[in-house]
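A, B, C and D are the chain letters, set down in written order, and residue numbers restart from 1 in every chain.
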Amino acid sequence: MPRITTLAEAVSAHIHDGDTVAMEGFTHLIPHAAGHEIIRQQRKNLTLIRMTPDLIYDQMIGMGCAKKVVFSWGGNPGVGSLYRFRDAVEKAWPAPLEIEEHSHAAMANAYEAGAAGLPLAVFRGYIGADLPKVNPNIKFIQCPFTGETLAAVPAHRPDVAVIHAQKADRQGNVLIDGIAGVQKEVVLASKRSIVTVEEIVDDLKPGSFNAVVLPAWTVTAIAEVPGGAYPSYAQGYYARDNAFYKKWDEIARERDTFLAWMKANVLDQGPEIFAAHTRPLRVAAE
Amino acid sequence: MADAYTSNEMMTIAAARAMRNEDVCFVGIGMPSAASNLARLTHAPDITLIYESGTIATKPDVLPLSIGDSELCETALTTVSVPEMFRYWLQGGRITVGFLGGAQIDKFANLNTTVIGPYDKPKVRLPGGGGAPEIATSCGEIFIIMAQGKRSFVDKLDFITSLGHGEGGDHRARLGLKTKGPTKLVTDLCIFQPDPVTREMIVTSIHPGVTREKIQENTGWPVRFADKVAETPTPTAKELETLRALHARTAAAHGKAA
Amino acid sequence: MPRITTLAEAVSAHIHDGDTVAMEGFTHLIPHAAGHEIIRQQRKNLTLIRMTPDLIYDQMIGMGCAKKVVFSWGGNPGVGSLYRFRDAVEKAWPAPLEIEEHSHAAMANAYEAGAAGLPLAVFRGYIGADLPKVNPNIKFIQCPFTGETLAAVPAHRPDVAVIHAQKADRQGNVLIDGIAGVQKEVVLASKRSIVTVEEIVDDLKPGSFNAVVLPAWTVTAIAEVPGGAYPSYAQGYYARDNAFYKKWDEIARERDTFLAWMKANVLDQGPEIFAAHTRPLRVAAE
Amino acid sequence: MADAYTSNEMMTIAAARAMRNEDVCFVGIGMPSAASNLARLTHAPDITLIYESGTIATKPDVLPLSIGDSELCETALTTVSVPEMFRYWLQGGRITVGFLGGAQIDKFANLNTTVIGPYDKPKVRLPGGGGAPEIATSCGEIFIIMAQGKRSFVDKLDFITSLGHGEGGDHRARLGLKTKGPTKLVTDLCIFQPDPVTREMIVTSIHPGVTREKIQENTGWPVRFADKVAETPTPTAKELETLRALHARTAAAHGKAA
């Protein structure tokens, strides 16, 4: 059974310096509040895995939490660059950043393989592409039946998965509805997992027998953090703040504006500020 | 005749026209999304749009800013996990058209969205390939939309993020691929299509008012023109109206959430 | 877009002698009406793939439709033997039956790989088991990252998939709710597909964004056959007739009782008789 | 003292007792299903029962006849596809206890559910392995429930459908397995557990009223007994009552649909 606790306690107990951490959410349900808590607790030397290291990893990288990023697309979706990520890769600020780069297909398959307890993922990929030349973790195998050459990457097996979801019940079962990304896979692939949720309820009330549910015994810790995905969104709770994603482009472009924003909005705050983002939309939904 | 229009609008509209009602499209954010939805709202009402976030057969009323806006999920027939999207739908060979763009393209329509400069010491670190490496090889064919310029239409890519026609000729076939690769490259100036034999992208249609010289000035390799080059029909009033209304709805929706 | 048609026309148009046919349904939603139609149309030399060749394949084998069965568990669930299957394997009646035998894990992975467009499935399986000694389609590969030996089987790529589902809409999109088995995979893995449904509706009304839906363009033909899964069941429509499964044990034990039952209930009937099985339960549900 | 009980009831109850409240069990049809649900209805209310049809954390009120009765889905926390069940849940190493049975077992608890006689010319064609080959190796440990008899407890299997302790000793470890394999074999006469070194299944508890001779008579190999053999506690009134009520509800439910 997962421990239902505070976000601060969950991060403190389960994420350690040097851990391999995968914070997932494919545009939807990105665990921003958890990212801020990791920054406040000053975790260092993390290997960060994520298909799309967008604002959340830009912030963590800029604040010096990461030594390595494993990823497939590092940008601000629909807007442009991740300036903190680029500053680390191009100019080693605030510290050098090692990268391991894959395609989306490889990353998705690597999570799937991790959830499936396999050491590798096999897929048809990287044909004619240059990434295999620069990433030694991309290999090729031959199909023993057809002779076809297929790509292989190691399964992702993070120390900790961090995701945000709509609901947990009091037993600790977690429900995800809408764009589910690789969230189920990353939790099942990881040794430990922290799930922040919009609310803890008596009954998950999934709308279908086949709803995306993580049983309680697959989750390590749960914290209720309303609005915890902001500026990403939680289907049924609040919308994506597309305007903030555009605003991030200005905030993150220079080191000093970035640091000032982080101090005011992260270091000097707590997870409770996320609730503010849910309010207008919650009212609208009621 | 239609109103005045921008070269960007011409590019989006020319790309939209390439899409067929029966296509199943893997859509990326930005221009591909605008072009695909314009096609859906004009001549291809039954087109199936799939976004890599897992949303299948979406019919968004406004354009998503990200690949996984709630609008996509709410208007989709169903939403699957991302591993399923890449395994069953993309790799499964169920997509007829994939859209790609990039920071750099060469004459065989290979694309670079990874780095400018050496990989280990990049001058500019770009976002990376995302879904492109497998979109480029798994979709039935590829449409590319990119504004032309000497810095983006280059003689040699710094990095091959996704395969086009490789070194040309039967290179794709030699790599075991049965998909067609890039069949159309739509720019703000013209439309390129691959030469049937060499697979070099050659100009087959020029947008109204654009000269061959202007195309060459904005291309980093000696441009080849087809024996018969068409003039791209100007945008119709309906095309322009629909595209502008779509962008207006989108701007209103994205501003609203601020 | 799939053609919405009659079951007789769908079978006539899309299933040919000698085809490889996979009729799936993991206890739930087994396409019995379609099986009967194939028997009535006297298809021959079929290679039949199915994880659990229960009553439906017992009937088809006993009526001489099959030359080969690819399977992982051939019994009457909770009851005992499939006597027609055994009679074919043990005594070549009514014809010799070739078998290719796998485990459930291998079959499920082979469907998954087929849906994923891969030539093979890789999984951790068959360790210390004898099946690899008698099935040349079970091979082993080495993980290039860990050196671990893993099992490999060819992907299933049937000519035709046949499934039963709860609903289709008028565009031909298909909804499955409840135990979904490998039904989605078998349709996606096959060149053609026939789906029988309880009803054709204006709106599928899936209960969740993540409902199990087959888009219209993945399905070849759809036929409305209320009760078409009987004596299996359709969640939300009618219950499994467990008593009939027990009764089948008597019917199928001897060749003559089997043939008499098949004449009375299959050869001399049409798909419309299945509707009778839904009636009492439909009333109860209303 | 409890009422009179059958040896079948003793077997089911002894198996149920082996299950812990925190276990995650992969349950097969028949005796394993009865034992698991008896455990859930008595000392292990929070036990997680998973059926290979994809139903996770089911709490059926009546026993399913098949592995995928609607009762399992309706009372489950969620239902996943069968490929997902075998990949994420079984192969993923999330199951603590798997239940198996078979037509034949040997002294190292290897099982045969495939054929009696040669594979190519079987005397009796059995249903086959189903999930057993991977259940046997992927679950944390395996409980086996089988009624004893000389035709089923044999010196040599006709076919190894699923691995037990192989040839004994460290055979599982040599095959790269980290799971324990069969830790309990519960029969209608007694309970076997593996010798810590040789891994031969040895009798550690004998059901009330059963003699060592009777066990040997019903076993096709020379039976070894542990140094200290316990007597299996007789079924309690609550155990018997709960099991019989479960069977009665099941019979009523399965008859009804006729």
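Throughout what follows, a residue touches a chain if its C-beta (ideal position, glycine included) is under 8 Å from a C-beta of that chain, and two chains touch if they have at least 3 such contacts.
Just so it is clear, the structure is predicted and the values come from calculations on it, not from any experiment.
Peer 1: Among the other chains, which touch chain B and chain C together?
Peer 2: Correct list: A.
Peer 1: I'd like to verify one number: the distance from the centre of chain A to the centre of chain C, where each centre is the average of its C-alpha atoms, in whole angstrom.
Peer 2: 39
Peer 1: Can you compute the centre-to-centre distance for chain A and chain B, using the mean CA position of each chain? Integer Å is fine.
Peer 2: Centres of chain A and chain B (C-alpha means) sit 28 Å apart.
Peer 1: How many angstrom between the C-alpha centroids of chain D and chain B?
Peer 2: Those two chain centres are 57 Å apart.
Peer 1: Which chain A residues sit where two or more other chains touch them?
Peer 2: Residues 112, 116-118, 123-124, 148, 178-180, 185, 206, 209-212, 235 of chain A touch two or more partner chains.
Peer 1: So which bits of chain D are touching at least two other chains?
Peer 2: In chain D, residues 73-74, 79-80, 87, 91, 138 touch at least two other chains, as defined above.
Peer 1: What chain-chain pairs meet the touch criterion?
Peer 2: The set of touching chain pairs is A-B, A-C, A-D, B-C, C-D.
Peer 1: Which chain B residues qualify as touching chain A in the complex?
Peer 2: So the residues of chain B in touch with chain A come to 29-30, 52-55, 64-70, 72-74, 79-83, 85-87, 90-91, 110, 114, 119-120, 122-134, 136-138, 159-163, 166, 171-172, 175-177, 253-255, 257-258.
Peer 1: For chain C, which residues are in contact with chain A within the complex?
Peer 2: Residues of chain C touching chain A: 116-120, 122-124, 137, 139, 141, 143-146, 148, 150, 152, 154, 177-180, 206-212, 235.
Peer 1: For a test of understanding, state which residues of chain C touch chain D in their complex under the given definition.
Peer 2: 26-28, 51-52, 71-75, 77-79, 81-82, 85-86, 89-90, 101, 103-105, 108-109, 111-112, 123-131, 134, 148-149, 178-182, 184-185, 212, 233, 235, 239-247
Peer 1: If you look only at chain A, which of its residues touch chain D in the complex?
Peer 2: Those residues of chain A that touch chain D are 112, 115-118, 173, 185, 188, 206, 209-213, 215, 217-218.
Peer 1: Report the residues of chain D in contact with chain A in the complex, numbered from low to high.
Peer 2: Touching chain A from chain D are residues 24, 48, 56-57, 73-74, 76-80, 87-88, 91-94, 138.
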